[in-house]
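The structure follows.
Read from first to last, the chains carry the letters A, B, C, D and E; within each, the first residue is number 1.
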Amino acid sequence: MENYLLTLITFIPLAGAVIVMLFFKKEQTVAIKSFATAVTIVDFLLSIPLWTRFDTSEAGFQFVQKVSWIPTIGVSYFVGVDGISVLLVLLTTITMIVSTVCSFSAIVDREKEYYVCLLLMSTGMLGTFMAVDIFLFYVFFEITLVPMYFLIGIWGGSRKLYAAIKFFLYTLFGSVLMLLGILALYFVNLKLGTGTPTFDLTELYAVGPKIPIGLQSWIFLAFFVGFAIKVPMFPFHTWLPDAHVEAPTAGSVILAGILLKMGTYGFVRFVLPLLPQASQLFVPFMVLLSIIGIIYGALVAMAQTDVKKLVAYSSVSHLGFVMLGVFALNQQGVLGGQLQMINHGISTGALFLLVGIIYERRHTRQISDFGGLSTQVPIYSTIFAVTMLSSIGLPGLNGFVGEFLILVGAFKASYVYAAFAVIGIVLGAAYMLWLFQRMFFGTLDNPENQKLTDCNTREILYLLPMVVLMFWIGLYPRPFLARMEVSVGKVVKMVNVAAAPQNNKAASLPVELRSRLKAKNF
Amino acid sequence: MELLFFYLFAAGIIGASLLVVTRSNVIHAALLLVLTFFFMSGVFVLAGAEFLAVVQVLLYAGGIMVLYLFSIMLMNAEVSVRLRQFHRQSFFTIVVSLILAAEIWWKVLGGGAAYPAFKGFSWTLGTTPGNVEALGSILYTKYLFPFEVASILLLAAMIGAIVLAKRTIDR
Amino acid sequence: MPLVIPDISLSIAAPEVGLAILICVVVVADLFTSMENKAGMGILSLAGVAILGLIVLFQWGGGVRTTFSGFYIADNFSSFVKMVVVVTTAFTILLSLQYAKMEKINYGEFYVMILFAVFGMLVMASGNDLISIYLGLETMSISSYVLVSFIRHDPLSREAGLKYFLMGAFTSGILLYGIALTYGLTGATSLTEIAKALSGLQGAAIIADPVMVFSLILFVAGFGFKLALVPFHMWLPDAYTGAPTSITAFMSVAVKMATLAAVIRVFFIAFPALAGKWNLLLWLLTVFTMVWGNVAAIAQTNLKRMLAYSSIAHAGYIMLGIVTTTKIVGGKVVFTPDGISAVLFYLVAYMVTNLGAFGMLIYLCREDFRGDNIEDWRGIGQDHPWAGMAFVVFFLSLGGFPPTAGFVGKLFLFGTAIQNEYYWLAVIGILASAVSIYYYFRVVMVMYMEPRGESQPAIEFSKAPSIFVALLVLVLATIYLGLFPGSIIAAAKSSVAGLL
Amino acid sequence: MVPLSHYLALGAVVFVIGAAGVLMRRNAIIILMSIELMLNAVNITLVGFSRQWGDLTGQVLAIFVITVAAAEAAVGLAILISLNRDRSVLNVDEVNLLKW
Amino acid sequence: MIKLAWLIPLFPALGVVINGFFGSRYTRDKAGHIAALMAGLSFLVVLGIAFEMIFGSGGKHTIHLWDWISAGKFSVSVAFLIDPLSTIMLLVVSGVGFLVHVYSVGYLHGDPGYPRFFTYLNLFMLSMFLLVLGDNYLLMFVGWEGVGLCSYLLIGFWYEKQSASDAGKKAFIVNRIGDAGFLLGMFMIWVLTGSLTYLEVFHVAPNITEAGATAIGLLLFIGAAGKSAQIPLYVWLPDAMEGPTPVSALIHAATMVTAGVYMVARTSPIYVMGPGALEVIALVGAVTAIFAASIGLVQNDIKRVLAYSTVSQLGFMFMALGVGAFGAGIFHLMTHAFFKGLLFLGSGSVIHALHHAPEDQQQDMRYMGGLRSKMPITYWTFVIGAVAIAGVPPLAGFWSKDEILANAFFTGHHFVWVLGSVAALMTAFYMFRLIFMTFHGEMRVDHHAREYIHESPYSMTVPLMILAVLSVVGGIIPGFPPEGGWIHTFLAPSLAKGSAGGHAANEAVQFVRVSAKSGGGHGGPAAVILIILAIAIAVGGIALAWFMYLKNTAVPDGLASRFPGLHRLLLNKYYIDEIYQACIVKPIYRLMGSLWSFDANVVDGSVNGSSLITLVSSRFSGIFDLKTVDGAVNGVASVTKFFSQVFKFIQSGMVQNYLFVMLLGVFMMLSAYLFR
């Protein structure tokens, strides 16, 4: 069933990058910029059939293409898209267009290498989401590191070198341990499973539950380290603020919008279905980490004086929510987590774009330098307000739908989890509003602020799709949820099918409630 | 009787080699080394390897030691007699080598359980077909390959030595 | 005593014979060429090596054949090893054509000594007897001592040569003592007979005997020195830094390959019964080597010395492949052939990458300016994107990053480690290789992210076409092996099949 | 009849003396001589074993050892001479330009 | 007509779009008219529906628009429910809303943010309609948060003022805390009943266990407390007076604050199952009533007094709900919307008149007085409102408040009844204190501001008059026979039977109804005494205020001097704000600061470069000239860097060292083997 669509989508940016490298001279900056934008737009147009022709009833992979790559060890170029990854692919293509357009004015030196790195990034990310073969997934997962390293390292802010190498090493250490996990899976499949050497995920799904719990926990830990650093979860998050603050605008949009999602995507795609017993065993540990992430991220965000660092820590908090949803191990929680990934990509991406715009004008990110902007730049402040409200989860905007589903899922898992998570919502409102107030309300006393010009058409052009998406998902999330529902259902069924020895609802409800819950058994 | 000769030669070897290692004057060391080789050839004869004894004397003592003496002259190395002869870390070396020797002596050589039963050689000194003939025959039949490789090795060493040691290379 | 003439068929030993002839041709031809076009010698020897490659290729797949009464064995394994050695030599000569002229060591003997070293390696590769392995080793060592100290006017090279020589001589003494003890206990020097003696009824007593253990340790010391495993690695950084860069490249790959072939033959064919002992010993050495090599490389400011330490680390990874091939199943030793094929593949990947990395060094240096310090590479990424790109690819492969050959190599190595439950070794190894990324990417950082200092001379790469061709082929090979390693893996697997 | 252990003991002692010589002495030539000593010690052991087993492999190996020793001596002295060209005194521990 | 219910939220949405996008440029000053027009249109639609509901068939109608979220068994759709309860609420919201729109056209004339204000006002109406019309808890929650957002925007309307934006932020965060409780309540409902739509939930409600119902009740009440400013979470309402007065009138008197009451009333079937929750609500309501009223006694800012009066009246409503008289609660909500809206708008016109006075004196009653002659219409409408709220018989306040007290008494909540009565007394007292200080007595207004005092324009006084009429009529028509009035019969189907207090309550209620029905007389000894007592309280309060503030004005100062402690306590609002600041906000700041330093140094540090290691390596590096050890180097990295320096310097360059190490290696291996 040869379907070249996915391969086209993945490798057009790569082709674009090679063409830019070969045929464009360093001086033709305008030509490079327009060519790069054209490539990303073509890529987006190609990805639209994924949305329109997506069969929402099919749980397995669609648009599949499988070509054997290294037969001796059972590696095949196997790409496919299912409910979980189709929206992430679309999010990637959209974010690529937005980040290409937004870096026209931001990047002034060495444009050629910049756009080459950007296009390479795009291929890496698309490949990661589409890979069904674990080996292929790992290859793409690592490839994305190098261009981002250059993006931060060359075009970054003052401490760019330190931030770049820190980002690189953190993620690398994680992914390297994950490689061991993959190898362990590969060899366990040789012993327990089909006996034929394969990295194909669909075949490994069958072997997953059969792995003895001891080994399964070790593999879980290996995957956990790999993905937790990427998410990032509590103890491993210290690279995020540095990477965000030092990365150029487009870099941090991609970093927040998509790279962080690879961690959570990894958990949903690999860890939950492949290691069900271990996942159930580690639920309390994971939930604890995500709740700490939520509250800790929010509190530390409040203490920030740099806007970008504040948004970075807010991402830690938001992704804590996503992880809470994922490890609620029920349909509502995982679906909420999955949708929240998309929402976070949109709202935090937009936030970074906005911070980038103000940074281009004022070259400072300290909150104290701003004040009373809403009179000076009304359009900018309304867009900022909408984005902020979407990120704190105001009903009617996209953040709320995801957060609500996560909390429903978490509550169903155990009401203690939900109780703490709700604190996160309150703190979220607090630091965001405080930021909004310090930047936009108050008197316009700073002379430079008076000289600020409002958003020009280009900036509005690339902010508009984000705002439209926020309202669309907020008001009518039906098409999005429908696409994800069936695949997420399959993953949830896989995780819960092998019931762990002891019940995973560590927190005990009042006795009658528990009995009532049992009666309702849903 | 044989044992007596063996002890004589062994004492000679050990004494001379100790002196080689400790003498500050390079020439004395070289000459003492030659003496060691003579005692060794004696041991070889006792062990039934007459050809080897002769080769030891001819090749080793004659050939290699002459080479050493030439190079000592070339580098007028005796000027270093007055300098401190021993390396700073020599104290540790002595300690470690003594312990190593003790260890080998006690554990390794003391064992010998696995050593094969004594077979010895059929021939006696002076009778034909003796050691030399047997040696000659297997050297050119069974051990032909290592022999050829050894020749290539010597060729390489020769060319290498010339390249390094020649004062100027014009051709 | 009747003379028994053993069956000698030169066709089996064709590569060695061919090479010997080639050496003689080159030596004689050297007499007639004038000082200027000594490069002709290089081209001549390059052509000869090419022919040699064809011979080895021709021998591939001919099944296991021994000649010279068991001293010489020609099987897929030896052909694979010889192929790697020959390819390395070809690249070395290609790289050193221009380099030799620049370093004013442009004598015919330079190429002759390389060929002598290759001869030693080929002998070791197909040595089926301790004596032939030892002699092959000595030929290789002698010629490499000469090659290292070849730059007569440079004190560094002479010093490196002296150090390498002294260490080498001392260690060959130790190895010899080991061989003597083994001969003493088992009564034979042929690998297969030793194995028979050890596994026989009397074998159990020999294995238990401390003398055998001592001889095993001496063997490990002897080969450990050549492979630069940790306690025996001290010579490597000085020797590699002092030696001419193309020779360093040659030694870091070819010498390792040949010694590895000898190690595999000795430890897997001769001493399988002792596996329980040397497995643990090598386990420790591997861990120390990987950690020491990677950690020491971080603090280096000289690029060549850093690559030297990284080659120590890679020796550690290779030994990891050797150690994890043996699986102790309830006291009995089981060899999984995948381990050795993984090692072989890793060496091919390592060859391509290391030659490339050292090739880049050669690519940059000119008469007055050595590109050895990391600072010299500042700002290269900006105005020479292609050179920068090539170096990034090599570093990615050295660090074991996905699209490159190094990654696939490491994947197999750690794969066998996990398959045979060496979890801790795999974790240490993979973390060490992650640490290695730090110092590889420090150079990338210097290249791309730090501007060119005023004081530093302008960058201009050497114009020689030979180096450009060599590097281009190496880069493409690194990426090709990374993406489509299928063929090489198959070759490695078939070569091991004949071995065990 | 001289027992085997004597040969081995003699070989071991001379080997250790040679090794100690290499490590202790500062004069390069003496070090080379000590290496010769080590190789000869191995020869003694080989001959002892060859006598014990009654086959000539040991002696053949001894011969090859001598050739190797000759080759090494040649190359070693060549290196020393080339080093000595611009530095009269030949102490090994002064030769440490390459470090750290 | 009912099928057109979706028009109600559409009109304000249209208003928001028009004013929002084209406000600043095109509809500069006409924004107010557009917004008022939209509010009026939706009011008309509401009237149509109300007409059809009251005189037509009544009953419950759900209008399904589109299904919103569905995830596995959890599915929620956007649909509207029209039933008696929502009709009443719609009437109140759209009615008062329309009047406030008209009033603010005049009030905010000339303000630079004119279009922005009306966009927010329309947005508020939209959210309030969603809240009231929604047929499931989630849609109510959407309205709930929307209203919270609008109150944030409107309170912080004059954002140049730091205090305004702080008040807005405070309001939103306290609301958010309440919403957290509401969310948890909603999840529990979904978990226990499997759906969030009212009809399905109430259908399943009977078989929820008592503990479950109580838990839901309490959680939802936290949400209601946050929104309707009850005891723990009321602090934001007094500060919300920073916003423009029409905002206070609409949001903080009539509509938003009543959302909590509506929600509790709407979930009455569940509350009925969990009487424990009702007890708590009743108690909190009563305590809030008296607590707020007591603070109101001494406040000098006219709007603060009204704010605390609102909190206390809300206390009354929750008291009604707590004792199970849901109908009485809603009835009081309606009447309160009328007279409190009137009072706020009246105070607005007073402030509007004084806007030439210095900034801090505009709202301070001590600098008013004698405005009676200057502003007759405002004065008389103000008096009607005060009399209504005090609970003097013919007007609205008496009927609804008395019913609450009667219900409280007859359902056995005597302590609650006592608190209620005392609060009623205080209400009467502070209302008339306000009137006498602002309108009667000699003029204390600032001299040069005096000539500017004039009656407000008609666009402001007409709504006052309408509200005054409603305050008079709004009580007697729907609620004449207490407990039996038209409003109770109308609301009965959508409210659960108030079974609180067991059977006794029903019997008492029946008794009162029977007595009322007998020819309007006040039969039944207990009920009659209650009514007389209520009237006495009202009149007593007014007389006390008259005596202290008109007869001889020295008395209040005398009292203040004799009980200085009590006076200062009340004046400073029991120092509640300071307590909150000290025990909640400050620790959060400290925690935040310490967590941030913890993150920067320890987590980052321990992963990056814990001080010990870097210290050692840096000192060590002094000796070995470490090039790049800076504090932030990765902890693991600095350890490795430290060892790399060590390994580097072992390479001493002397051959014999290398040989010695090699020999040592052999020796170690040998001894390891031999002695193991």
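Definition applied: a contact is a pair of C-beta atoms (placed from the backbone, for glycine too) under 8 Å apart; a residue touches a chain by one contact, two chains touch by 3 or more.
Please read all numbers here as calculations on a predicted model, not as lab measurements.
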Hey, what chains does subunit C share as contacts with subunit D?
-> B, E
Treat each pair of touching chains as one step and give the shortest count from subunit D to subunit E.
-> 1
Which chain's C-alpha centroid is most distant from that of subunit E?
-> B
B-D or A-C - the one linked by more C-beta pairs in contact | B-D
Using the mean of all protein Cα atoms as the middle point, what chain has its own Cα mean nearest that point?
-> A
Averaging only over C-alpha atoms, locate the centres of subunit A and subunit D and give their separation in whole Å.
-> 66
Rounded Å distance, subunit A centre to subunit E centre (Cα mean) = 37
Taking each chain's centre as the mean of its CA atoms, subunit B sits from subunit C at a distance in Å of 31
Starting from the mean Cα coordinates of subunit C and subunit E, work out the distance between those two points in Å.
-> 78
Subunit A, residues touching no fewer than two other chains = 169
Of all residues in subunit C, the ones touching two or more other chains | 131, 135, 138, 142, 145-146, 149, 152, 161-163, 166, 170, 184, 187, 210, 214, 237-238, 438
Junction residues of subunit B, two or more chains touched = 87, 89, 93, 97, 100, 104, 107-109, 112, 115-116, 134, 143, 146, 150, 153, 156-157, 160-164
Touching pairs among all chains present in the structure = A-C, A-E, B-C, B-D, B-E, C-D, C-E, D-E
Once bound in the complex, which stretches of subunit E touch subunit B?
-> 656-657, 660, 663-664, 666-667, 670-671, 674
Subunit E - residues contacting subunit C, complex = 627, 637, 640-641, 643-645, 647-648, 651, 653, 655, 657-659, 661-662, 664-666, 668-670, 673-674
Complex contact set, residues of subunit D against subunit E = 19, 22-23, 92-93, 95-100
Subunit A residues touching subunit C - in the complex, by the definition given at the top = 21, 69-73, 110, 113, 138-140, 142-143, 146, 149-150, 153-154, 160-161, 164-165, 168-169, 172-173, 176-177, 179-180, 183-184, 186-187, 190, 218
Name, in rising order, each residue of subunit B that touches subunit C in their complex.
-> 104, 107-109, 111-116, 129, 133-134, 137, 141-146, 149-150, 152-153, 155-157, 159-164, 169-171
